[in-house]
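Next come two complexes, and both contain chain A; in the first it sits with chain B, in the second with chain C.
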Partner chain A sequence: MRAPAFFAAAIGTAILIFIVGCLIGNDYLFFAGYTVVQFVVLASAWNILGGYCGYVNFGTAAFFALGAYTSVFFHKTFPLPIPVLLAIAALVSGLVGLGTGYLTLRLRGAFFSIATLALAVVLQTFVVNWDYVGGSRGAYVIRPNSVGVFGFELDYVRYLCLIMLLLAAVAVAIARTIERSKLGYGFATIRDDELAAEASGVPTLKLKLIATTLSGALMGMAGAPFPYYIGYVEPASTFGLPYAVNSIAMPLIGGTTIWFGPLIGSILLGVLTQLATVTISSAVNLLLVGALLVGFVIVAPNGLVGLVQQFLRIASPGRPDVRSTGLVAVAGFGFIVGLFDVVFNLAALLASDVSGEAIATAGLVLAALWLVSSYGLMTIRRGSPLLATVAFGLSILLAVVHIWIDRSLGNVALWGVGVAVAIGAIWFLQRRHVQELYQPRLGQPEVAA
Partner chain B sequence: MDLTADLLLNALVSGLLLGGFYAAVTVGISMSFGILDIVNIAHPGFIIVGSYVAYILNARFGLDPVLIGVVALPFFYVLGAATYQTYHVSFERRGQEALRSLAFFFGLLFITEVVLILVFGVDYRYVSAPYIDKSYTFGLIQLPMRMVVPCVMSLLMLVLLQLFLTRTFLGRAIMAVAQDQQALRLMAADPIKIKRIAFAISIATCSLAGAFLIIIQPVEPSIGREYIGRVFAICVLGGLGSLPGTLIGAMLLGIVESFTATLYGPSWAPAISFGLLLLTLAVRPAGLMGR
Partner chain C sequence: MSPLLQAKGLGKRFGGFVALDGIDLDVAEGERLGLIGPNGSGKSTLVNCLCGTLANETGTVTFEGRVLDGLPAHSRTRLGLARSFQLPRPFVSMSVAENLKVPLLYAVDSRAHGHLTPAQTNERCEELLGLVGLVDCAHKYPRDLTQVDMRKLELARAMAAEPKLLIADEAMAGLSHSEVSDIVALLIRLNERGTTVILIEHIMRAVMHFSQRLAVLVSGKKIADGRPEEVIRDPEVERAYLGQ
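== the complex of A and B ==
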C-alpha cells in the first residue's frame, strides 16, 4: 500500500474504532482506552529514534510532560482548542528534542541516553520551581462537559479519545512512511553500523536530529491533551518513570524494526496493564512491565515480530503455508492467553480464600506452561509440540473445573470456546507434518535463540 | 539574604564534604562505565538497595551503618558478578550491547525501585548512630559529623581502589581489559573473568555508598533517580575511567550544588548536574582528566 492510501486507511480505522466504541457506549471503555491509545502514540514515537536509529531515549516522560505542561500554561493564560495545543506542544517538545540531540548526539554511544534520563529530572526541577503552572502542588484543569464537533455534541472524554485515536493513526502512518523512505534506510544504516554509514557519506548527525525532533514532537503531542483528560497534573506523576519504562518496553516486546511492532506491543501491554491496575494494584502492574521488559530483552531480543519472522524463515521459506500459519496462531493464542492468565490468576491468588488459591496456583502453573511452550514452538525446539499438547490438555481440565464452579451462561460460553480452541490446537499439533518440523534433521542444526 | 564570609565558607566546606560522598557514589560507575564500557544505569538502584540493607540491619540489631556496609561487601560482590554474567551471556556475547543492554539495566533499576516500594512503602527511612547528630565548630566553620564520616570513609575507599588498580596485578589486568581485550586474550588471560571481577567490585562499592547515603539523608526508593544524572555527570566531567578525575569531578559538583542550594534554594540542585553534564559533553567530551 502506498503512503497516502495507508494514511487514509489508518485514519479510517481510527474513526471506525471510535464509532464502535460509541455504539458500545461504556464510559470506562473510553477512559481506559485513552491510556492504551496514548501508549500507541508514545511507543511509535519512541521507536522512530530507538528502533530505527538504535538510540535509546529514556526521557519519554520529559517530552510527554512538556506537552502536558504546555497545555496547562495555555489553559491558565489563554485557553485554546485542543488541536491548536497539539501543534504548540509538538513545536515545544520538538525543539527541546532538537536541542538535547544537538548537544549529545554528536558523540556516539550512550551519552544521549544518559542526557535524556537527566533531562527528565531537570525539567521536573523547573516545573517544581515554576509556581505559575502549579509548582510541586500541581494544577487543576477543569474540562468542559462536552464539545461540539461537526454539529455533533460529544462528551469531552470521548472527544479526547477521538483526538488521541487520530494522533495514533498519524503516528503509525508516519512510522511506516519513514520505514519505507530514503530516511528510513538512512536510519537503518545508523542502527547497523554508524561508522560505516558515515564513511559512506550518510549524513548521520542530520538524520539523528530529524529522528529526535520528530520523536520528541510526537511524544509532546501525546502529552498535550493529558491535563484535560486527568483533570489534575503534578510533576512527580507526570514526569514519572512508568512513562519511560512503558514506552521502551512496548516496542521492545512487540518488535523494533517494523511499524506494527510497537503497535502490537503497546496494545498488548496497554490492555494488560489496564487490567492489572484494576484487578491487582498499580505497583504490581509496574513490576509486571519491568519484568516483561527484562525477560524479553534476554529471551526474545527481537520482540514478538522478530520471533515470528525468524520462525517463518525456517518453517516456510517463501510463502507462509498452512502449517506455519497454524503454528503461529497456536503459539500466539498460547502466549496471549498465558499472559492474561498470569494477571488474572495473580489477582485471584492475592484476593481469594484457600479453595480459590489452589485453582489460581494451578492457573499460574498452566499460564507458565503456555508461555514456555509457545516460545518453544516459535524457536523450533524439540519436544515443544508435546509440551504445548500437555498445556492445552490441562487447560481443558481447568476449564471443566471453572464451568463446574460457575454455571452461568457467560462463563460456560467463555470456557466452552477455550475448550474448543484447545481441542483444535491439540488435533493440529498431532498432525504429521507439524511433528516433522520439530524432529532433528541431518544438515539442519537446531535454531539458536 | 546577605552574603557573609562565613556563609560562603560554610557552603564551600559542605560542598567539599558532599563531593567526597559523591565520589563514593560515582566510583562504581567510573569502573563499570569508564573502564569496562558497560552503561550500568541500574547503579543508583544498587546503591539504594545498599541503603536499605543498612537500614534493616541498623533498625534490627543497632549495628553501625558503615560497619554494615563493610560486612555486606561480599554479598554485593556476588550480586555484581551474577549481574555481569547475565549481561555477558544475554548481550555481550551476542553482540547486541547497545540498545538492549541499556533497556536491560533500565528495567533492572525500575524493578529494584518497584520491589522496594512494594516491600517498604514510600516512607523515608533513616539510620541511627551516635555520631549522626553531632557537629563540631572550628571558628567560623561548622563540621556536621553525618557529612564528615561518609566523606572521610569515601576518600579512604577511593584511595584503596586507586592503589588496587595501579599497584596490584589484578588491578593492572582490569586496566588492560579497558585498553585492549584482544591483546589480553593473546596473553592467555580470560578477559571475561577479569571484567566480571571488575564489575563485581563496582557493584560492591554500592554497599558502602548506600550506607553513606542513608547516613547523610533519609532514603526512599525513588531517590536513586536523582543520582543517575549526578553520577554520570561526575563520571563524564572527571574523564571516563580516571579515579582522580572522578574525585575532582565529584568535588566540583558538590561545591556547585552546595553554592546553588545556599544562594537559590535546594530545590534547584538536581538541575545543576544536568547542566554540568551537557556543558561537559558540548565543550570537552573527554572530561577533565580524560584519556
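== the complex of A and C ==
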C-alpha cells in the first residue's frame, strides 16, 4: 500500500474504532482506552529513534511532560483548543529533541541513554521550581464537560480519546512511511554501523537529528491532552518512570524493526496493564511489564514480530504457506490466552479464599503451559514439537480438572475452546510434514544469532 | 594537469604515537596506485584521513582541486571519494542488495539531485551484483555470506557510490590464490572503466600485478614512490620489509 493510502486507512481505522466505542457506550472503555492509545503514540515515537536508529532513549517522560506542561502553561495564560495545543507541544518538544540531539548524539550506546535520563531530571527540576505551572504542588486543569465537534456535542473524554486515536494513526503512518523511504534505509545504516554509513554517503548526524526531533515532537503531542484527561498534573507522576519503561518495553516486546511491532506491543501491554490495574492494583503494572521485558530479552530478543519472522523465514521461505500460518495462529492464540490468564488468575489468587486458591493456582499453571507451548511452536528446534506436545497434553489434563472444579458457563466455554485448540495442535504436530519443519536444516542457524 | 587527489604534509598522532608524519601523495586521474607498508606503518590511518573518518592534524587533502579539510566522510563520498574497510562492515540487518542500495540512494542520488528513479536504482544494483558475482546472494543477509562474498560485498558497496577514486583497504586478506586473482581482475576492470583506484595490500603478487605506481609507507613516513619494479628493489624498502 502506498503511503497516502495507508495514511487514509489508518485515519479511517481510528475513526471506526471510535465509532464502535461510542456504540458500546461504556465511559470506562474510553478512560482506559485513552491510556492504551497514548502508549501506541509513545511507543511508535520511541521506536523511530530507538528501533530504527538504535539509540535508546530513556527520556520519554521528559518529552511527554513537556507536552503536558505546555498545555498547563497555555491553560493558565491563554486557553487554546486541543488541536492547537498539540501543534505547539509538537513544536516545543521537537525543538528540545533537536537541541538534545545536537548535544548528545556524539555519545553512543549507554552514554546516550544516560544523557537522555539526565534530560528528564533537568526538566523535572525546572518544572518543580516553576511556580507558575504549579511547581511541586501540581496544577489543576478543569476540563469542560463536553465540546462541539462538527455539530455533535461530544463528551470531553471521548473527544480526547478521538484526538489520541487520530494522533496514533498519524504516528503509525509516519513510522511506516519512514521505514519504506530513503530515510528508513539511512536510519537502519545508523543502527547497523555508523562508520560504514558515513562511508556510503549517509549524513548520519543530520539523520539522527531528524529522528530525535520527530520522535520528541510525537512524544510531546502525546502529552499535550494529558492534563485535560487527568485533570491534575504534578511533576513526580508526569515525569514518572512508567512512561520511560513502557515506551521502551512495548517496542521491544512487539518488535523494533517494523512499524507494527510497537503497535502490537503497546496494545498488548497497554490492555494488559489496564486489566491488571482493575483486577489487581495499579502498582503491579510495572512489575508485570518488567517481568515480561526480562522474559522477552531471554526468550525472544527480537520481540514477537522478530520471533514470528524468524520462524517464517526458516519454515516457509518466500510466501508463508498454510502449514506455517496455522502454527503461527495457534501460537498467537496460546500466547494471548496465556498472558491474559496470568493476570486474571494472579488477581484471583490474591483476592480469593482458600477454596479459590486451588482454582487460581491451576489456572496459573495452565497459563504457563500455554505460554510454553506457543514458544515451542515458534522455535525451530529438534525438541520443539515434543515440548509443545507435552505442554499441550498437560494443559488438556489441567483444563479438564479446571472445568470440573469451576463448572460456570464462562469457564467451561473458555477452557472448552482451549482443549479443542490443544487437541487440534497435538494432532497437527504429530504429522510428518510438520515434524519435518522443525528439523534444523543445513545453512540455517538453529536458533537466532 | 593537476592530480585528482593530492595530500600535502598530512600528519596525525594518537597521543604520543606519530601515525602519519608529513605524507605527500599525488594520485593522477585514471591511475592504479598500490600502497604497501609493514603492519602499523599508517596505511589505514592514511585512508581514514583521506576519507574523513579521522581528522588529520596537519596538512591538507585536495580532491579535484577542492580542499577537503573539515568535510565529513559522507560529503567526501558524495564528491566521489569512496573506500572499502579492511574488516568488512556490512549493514547486518539488510540484504546484500539493500546494502548496495544505500550508497546508490545516499551518494549517487544526492549527486544527481534526486533524479534517480527506483527502477534505475534497482538496475544499477543488479549491474553491480553481476559485476562482483553476487547475483545469487542478492537476498541473503551478510551473516550468511562466506568470507570471500563478504569482501566482495564490501568492495561492491564502495563501488556503488560510483566514485572517481576508490580506495580498497586490504580487500584480499585471507583469500585464496584464485580469489585474489578474481578481485584484482575486478579492480582492473573497474579502472578501465575510468575509476582511479588506490589498492592497499600485503599480498605482493596482487600489488605487483595491479599497480602502475607503488608507494611505500614505513612508520608514518613515505619512503618510496615510483614504478613498482624499481620501488621493491629500493634498498630502504628491502630493509623495512626484510630487516637488516
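By definition in this document, the second predicted complex is superposed on the first by the 380 of 449 C-alpha atoms of A that agree within 3 Å, B and C clash if a C-alpha of one lies under 4 Å from a C-alpha of the other, contacts with A are read in each partner's own complex, and residues count from 1 in each chain.
One rule holds for everything that comes next: a residue touches a chain if its C-beta (ideal position, glycine included) is under 8 Å from a C-beta of that chain, and two chains touch if they have at least 3 such contacts.
Note that the coordinates shown come from a computational prediction; the quantities given were computed from them, not determined experimentally.
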* To do: Using the superposition on chain A, decide if chain B and chain C clash or fit.
  => fit
* Structure fact -> Between chain B and chain C, as viewed from the CA centre of chain A after superposition, lies an angle in degrees, nearest 10, of 70
* To do: Tell me which partner A:Thr257 touches in the superposition: chain B (first), chain C (second), both or neither.
  => second
* To do: Determine, under the contact definition given at the top, whether A:Gly50 touches first (chain B), second (chain C), both, or neither.
  => first
* Asked: Thinking of the overlay built on chain A, is A:Phe126 touched by chain B (first), by chain C (second), by both, or by neither?
  -> first
* **First, second, both or neither for A:Pro301, with chain B first and chain C second** => first
* In the overlay, work out which of chain B or chain C sits against more residues of chain A. => B
* Asked: Which partner does A:Leu195 contact after superposing on A: first (chain B), second (chain C), both, neither?
  -> second
* First (chain B), second (chain C), both or neither touched by A:Glu234 -> neither
* Once you lay one complex on the other using chain A, what is the shortest C-alpha distance from chain B to chain C, in Å? -> 9
* Structure fact -> chain A contact set shared between chain B and chain C covers none
* Mind pulling up the chain B residues that touch chain A in the complex? -> 33, 39, 41, 86, 90-91, 94, 96, 98-104, 106-108, 110-111, 113-115, 117-118, 222, 225-226, 228-229, 232-233, 236, 267-268, 270-271, 273-275, 277-278, 281-282, 285
* **Touch list for chain A against partner chain B, complex** => 50, 54, 56, 58, 100, 103-104, 107, 109-111, 113-115, 117-119, 121-122, 124-126, 128-129, 241, 244-245, 248-249, 252, 256, 283-284, 286-287, 289-291, 293-294, 297-298, 301
* **Of all residues in chain C, those that touch chain A in their complex** => 51-53, 72-75, 77-78, 82-83, 85, 89-94, 98, 101-103, 105-107, 109-110, 143-144, 157-158, 160-161
* **For the chain A and chain C complex, residues of the former touching the latter** => 182, 185-186, 188-189, 191-193, 195-205, 257, 443, 449
